[in-house]
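For reference, chains read A, B, C and D in written order, and residue numbers begin at 1 within each chain.
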Amino acid sequence: MKLARVRKKERIGERFVLLELEERSIATQAQPGQFVMVRPMGEVYDPLLPRPFAVLRTEGERFTLLFEVTGRGTLLLSRLEPGDTLQVLGPLGRGFSLKVSSGVLIAGGRGVVPLVFLALEFTKRRIPFSFFVGVREKKELALLRVLDDIGEVFWSCEERVSGGFCGTVLGLFERCLDTVLKGDVKIYACGPEGMLRGLAKMLAGKEEIVEVSLETRMGCGFGVCLGCAIPKRSGGYWHVCSDGPVFKLSEVVL
Amino acid sequence: MKLARVRKKERIGERFVLLELEERSIATQAQPGQFVMVRPMGEVYDPLLPRPFAVLRTEGERFTLLFEVTGRGTLLLSRLEPGDTLQVLGPLGRGFSLKVSSGVLIAGGRGVVPLVFLALEFTKRRIPFSFFVGVREKKELALLRVLDDIGEVFWSCEERVSGGFCGTVLGLFERCLDTVLKGDVKIYACGPEGMLRGLAKMLAGKEEIVEVSLETRMGCGFGVCLGCAIPKRSGGYWHVCSDGPVFKLSEVVL
Amino acid sequence: MNLSVRLGRLTLQNPVVLTSGTCGYGKEMRPYLDLDSLGAITVKGLSLFPWEGNPPPRIWETWAGLLNSIGLENKGLERFLEEDLPFLENLATCVFVNIWGKTVGEYVTIARELDKVKRIDALELNLSCPNVERGGATFVSDFKVLERLVGEVRQATGKFLIAKLGPQVRDWEATVTILEREGAEALSVTNSFPALAVDVERMSFVFALKTAGLSGPAIKPLALKMVYDLVGMTDLPIIGMGGITTAEDALEFLLVGAKAIGVGTANLVNPSSAMRILEGIKQYLLRKDITDIGEVIGKVR
Amino acid sequence: MNLSVRLGRLTLQNPVVLTSGTCGYGKEMRPYLDLDSLGAITVKGLSLFPWEGNPPPRIWETWAGLLNSIGLENKGLERFLEEDLPFLENLATCVFVNIWGKTVGEYVTIARELDKVKRIDALELNLSCPNVERGGATFVSDFKVLERLVGEVRQATGKFLIAKLGPQVRDWEATVTILEREGAEALSVTNSFPALAVDVERMSFVFALKTAGLSGPAIKPLALKMVYDLVGMTDLPIIGMGGITTAEDALEFLLVGAKAIGVGTANLVNPSSAMRILEGIKQYLLRKDITDIGEVIGKVR
C-alpha cells in the first residue's frame, strides 16, 4: 500500500465527508469508475480490511474521495484531519468506457461519486452528456455541491423541495427518456440496488448500452480473495474488484 | 469510563509525550501516586485494553499525563491532538502516604511522573523534601523540564553530560544518604525494576520507611480481573491496581 | 417492552449477565454501573479453600483478544461469606456463584455450603479446570468423572444449577446428555479458549504455565458457532458468552437461541460495557418494533 | 545471514510462504511485492474441474478477523495450466499448488496431472474440504478415507507432499501417525476455523451456508498453540500459519518450532505484508545478533 496525506477535508451535509488526498501514482493514473482501497491506520487491525471507495476526481498529484459514514471504517476515516496520513491501494478495477458520442449519467445518493469523475472526463473530451441525480432526503441535497463545476444537472428528491423534481431519479429520468436516448448514446448508472433494478426494467432490451458501477463487500480489492463475487448472466460469477466495478447491464444479474 | 478532552499536547524529547486532559472528577480527586486507565478510541478493539498511567499533576478541572511511547497503545495516544477526546477511568489505586515531616524522592526515567505530583503536594503542604532523578541517556534529560516548578532537583545521567552527576541515580543518592536520612523521613521511589532492587539493597533494614510505586501489566485497573498480581513478602499476591501501585518496601518482593 | 427471560425455573429481568472472573465480587463494579439494572452477576470462581493462583505475568494482550492465566485465584468460601456476601445481600438482581474444586469432593462440599445461603440464586460449575485426581485433565474430559461430579453436586444443593463449558469438550452430544441426565438446569458457553503466546524479545513463553485462556472480541465468531450448535442439541437454556463487546454481538447470540448472554472481557475494556449493551438491545427492539425480547431469541436458526 | 530453511528434502530461501487463497495465482500480487524474494507461494486451491464456489456474500469482517465462504471457487486444472503456469514458470521462488477434490479419485487424478509439471515444487493437500462420498464430512474426519487419500496421492506423484490441516482434526496424534505413514512430507497448520456470523439488522445468517471460516489476527494465539502442540508430536516439518500479521507473529511460530510460516489474510489487509514480515525477521536477527535463522526455530519449547 502507499501512504497518502490528507490535504483537504470537508463535511458535506450530515452524513458525507470529502477527503482530498495526495498520492501521485493514483492521482495520475485513476480513470472514471475506478476505485481505491483505504485503511485509516497502519498498526491497528480492528477494523481489519481496507475499504473500497470510488474516485471523485483527480487534480495534479491529488485525488478526492467522497464517502458516507455508514459504519466503523468510514467513522474512523471521517476523523482524519489535514496532515494525517492513511494507506491507499489503487487505482483498481475496470472503469467506464469513454468511447461514445454522448452519454446519460444517472446517480442515486453516493452513487454520484464515480459519475462526477466521468462527467469531468466527458467535459474534457467535449463529449456531450446529461446528468441525473436523485437523493432520498432533503439533507442529502448537500451532495449537489460536488456537481458545481459540472454544467447542467437534473436532480430529484423524494422529499418535497423547491427547485428540483419531487420523486425518484428514475421518475425524473423517465420523463426525458425519448429526448436523451438518441444516436450513439451510452447510459451510465451508479446507486442503490433498488434503483439499478428499476433502471434495468425501464431499459429492458437496451442492456448493451447501459453501464452500471456496482458495490459488493470486498476483501482484497485486487483479485486474490474471490470475495467480491456477483452472478454472471451466463452463469458463474464475476469478481467486482477485477472484472468491474463497472459492468454492462447485459453482463450481470441485479 | 469518562470522556476527557485533550487540551494541551507537548512532545518531550524523542520518546515522551505530555497530555493535559480535561475531566473534572479525576482532576479534583486524584492523589499523588494514583493512576488512570486510558483508551484512545471508543469503537476500536485493537488495541483492546486500556493502558495505566500515573497522574503527573492536576490543576482545576484538568490533569496531566506524561508517557513514554513504548508500544502500540502509547503510539496511538501520542497521535492525539488538542480537541480530541479519549476514554479515562480513575483516579485509581492507593497513592503515597503524605503524613511525614520530610521526604526523599528518587526517580528513574518515566518513574519521575508520580513523584512530580508528590513533590508538588509536599510543596503545598510545606513538607521539605529532596528530589533525585536519574536518566540513562542524554536525550532523556528533556524529562527534567517537567521539574521546572519544583525547587532544587539533583539529577544524574549515565552518559557524560555537564551540570549533572554522571552515573546512576542510586550512585548519586548514595553520596547524600547520611545528610538526607535524618529524623522522621520517608523515602519515595519509582523507576525500573533494576533501580528499585538496587535501592532495596542499599536501604536494607529501612524497608518500613520506603514507599515504591510499581508497574505491572494490567487488565481492568479496578480490581476485578486479578491480572496485576505481584508476590507478597508474607506469601500470596498483592494486586497492584487495588492494593497499590504504591507499596511499602517491606510489603513486596522485587 | 418485556426484557425478562426464563431459564427454566429461573427468571432474569433481562438477558445481560456479568461473567465470572470479570466483575470481581460485584462491589468493585459499583462505581461504574448499576448492578441492579442487569439480569445477573456471576462472582469470581470460588473454591472451598483460598487459592493463590498463578505467578505473574497473568495477562497478555493479543489482536482484539486477551490471554489470561489467573489460575483461579480466590479468597475461599469463608472470607467470601464474611467479606462479600453482605454486599450481594443488598442487590436486587440475581446472584450466580461460579464454583470449582481440585476434586469432586471439593465441588460437592462448597455446593452444600452455598446451598445454605438464601441470597444465592444459582451455582455455576466451572468444568474447565484441572482435576488433580486425574493428573490435571479437565473435569469435562472424563465422562465418568463428569457424571459423578454433576450428579453429586445435584444431590448436595437445590439451587439452580448451571454447567459452564469450554472448548475442552470433545464430544458435545455425549457431554450434554450426561449434564441433562445428572440434573444441570442451564449451560454457560463458552469459557476461554486454550491458546499460547511467546514473548519474542525475551525468547520465552509469556506465561509460566505456557498456555493461557483466550477471551475477548477475537473469539466471538467461534463462541457464536458453539452456542448455535449447542442450541440444536439440547432444550437446556443456554447463557451465551465469548467476546460479546457490543449490543450487536449480544443480539447475535440471542438470535441463534441463547436465552441470556454473558459479558466478560468487555468489563475490563470498559466497566460500563454491560449497561451499554443492555441499552443497545433496548434501542434495537424499539427500532425493530419488537415488544418482547422472546421474539428475538432463536429467531435465526 | 542465513535465512534458508529445510523442509525435509525441500529447501526454501527463507521461511515466508504466501498461503493458498490469499495470493491468487501469483500474478495479482506482482504489482505489490517481489515474489522472488519470498520462500514460496501457494496458489489458490485447485480442483480437476472448474468450480463456481459459493453465492455472495462471501466475506464478512469480525473483530480483527475475517470470515470467508468462498467455497473453493477456482478455474480448474486445464485453465490453470494454460493461463497461470506460464507466469509461475518465470518465478525464481518455490511454487506450491494447493489441491482439493470432491472425492479421493479427484485428488489422485489432479495430483497425477500436476506431477508432470516440472515447475511445481510441492503439492499441498487441502484436507479440510467436504467429501461428497461421505455426505460432506471433511476428509480428515474419517481415518480410513484419510489413509486412502494420502496413500493414493503419494502413489500418484513424486512431488514434495504437504498435508494441510485445520481445527476439524479431532485426534491429532492419530491423524499425524497416518499422515507420516502414508508419506506426507510436511504439514501446513492451520486452515481457517469454522465459525458463524449473524446479520443482526437483516435478522438472518450472513452466509448462505451459515458457517464460514475464520482467519486473520484474531486466531493467532489459537493457531500458535496448535503448531506448538503439533511440533511435539511429529518430526515432519511444519509450515505454521493462522493470523500472522507482523514479523513478531511470524517469529512466535518459528520460535515454537515451525520451519516456515504462512502469510494469508494479511495479504488482503496489505498486499506487501509478506515482504514487511520478511524485513522484520531480518531486523530481529540483526538486533539479536543471530546469523542463522535455524537458531531461532524451536528455541522456545
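Following the convention adopted for this analysis, contacts are C-beta pairs under 8 Å (C-beta built on N, C-alpha and C of every residue); 3 or more make two chains touch, one makes a residue touch a chain.
Here the structure is a predicted model, which is why all the values come from computation and not from measurement.
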Set of chains adjacent to chain B and to chain D: A, C
Most distant chain from chain B, judged by the mean position of its C-alpha atoms: A
Centre distance in Å when chain A and chain D are each reduced to the mean of their C-alpha atoms: 36
Rounded Å distance between chain A and chain B, as computed from the means of their C-alpha atoms: 52
For chain A, residues that touch 2 or more chains besides their own: 45-47
Per-residue multi-chain contacts in chain D, two or more chains: 63-65, 216-217, 245
Chain-level touch network, classified as line, ring, star, complete or other: complete
Residue numbers on chain C that touch chain B, as the complex places them: 21-24, 28-29, 31-32, 44, 52-61, 63-66, 68, 70, 73, 216-217, 245, 265, 267-272
Chain B partner contacts - residues on chain D that touch it in the complex: 63-64, 217
Residues of chain C that touch chain D when the two form their complex: 62-65, 67, 170, 193-198, 200, 203-205, 210-211, 214, 216-222, 224-225, 228, 243, 245, 248, 251-252, 255-256, 284, 288, 299-300
Partner chain D, residues of chain A touching it in the complex: 1, 39, 45-50, 87, 89, 216-220, 222-231, 235-237, 242
Sites on chain A touched by chain C in the complex: 45-46
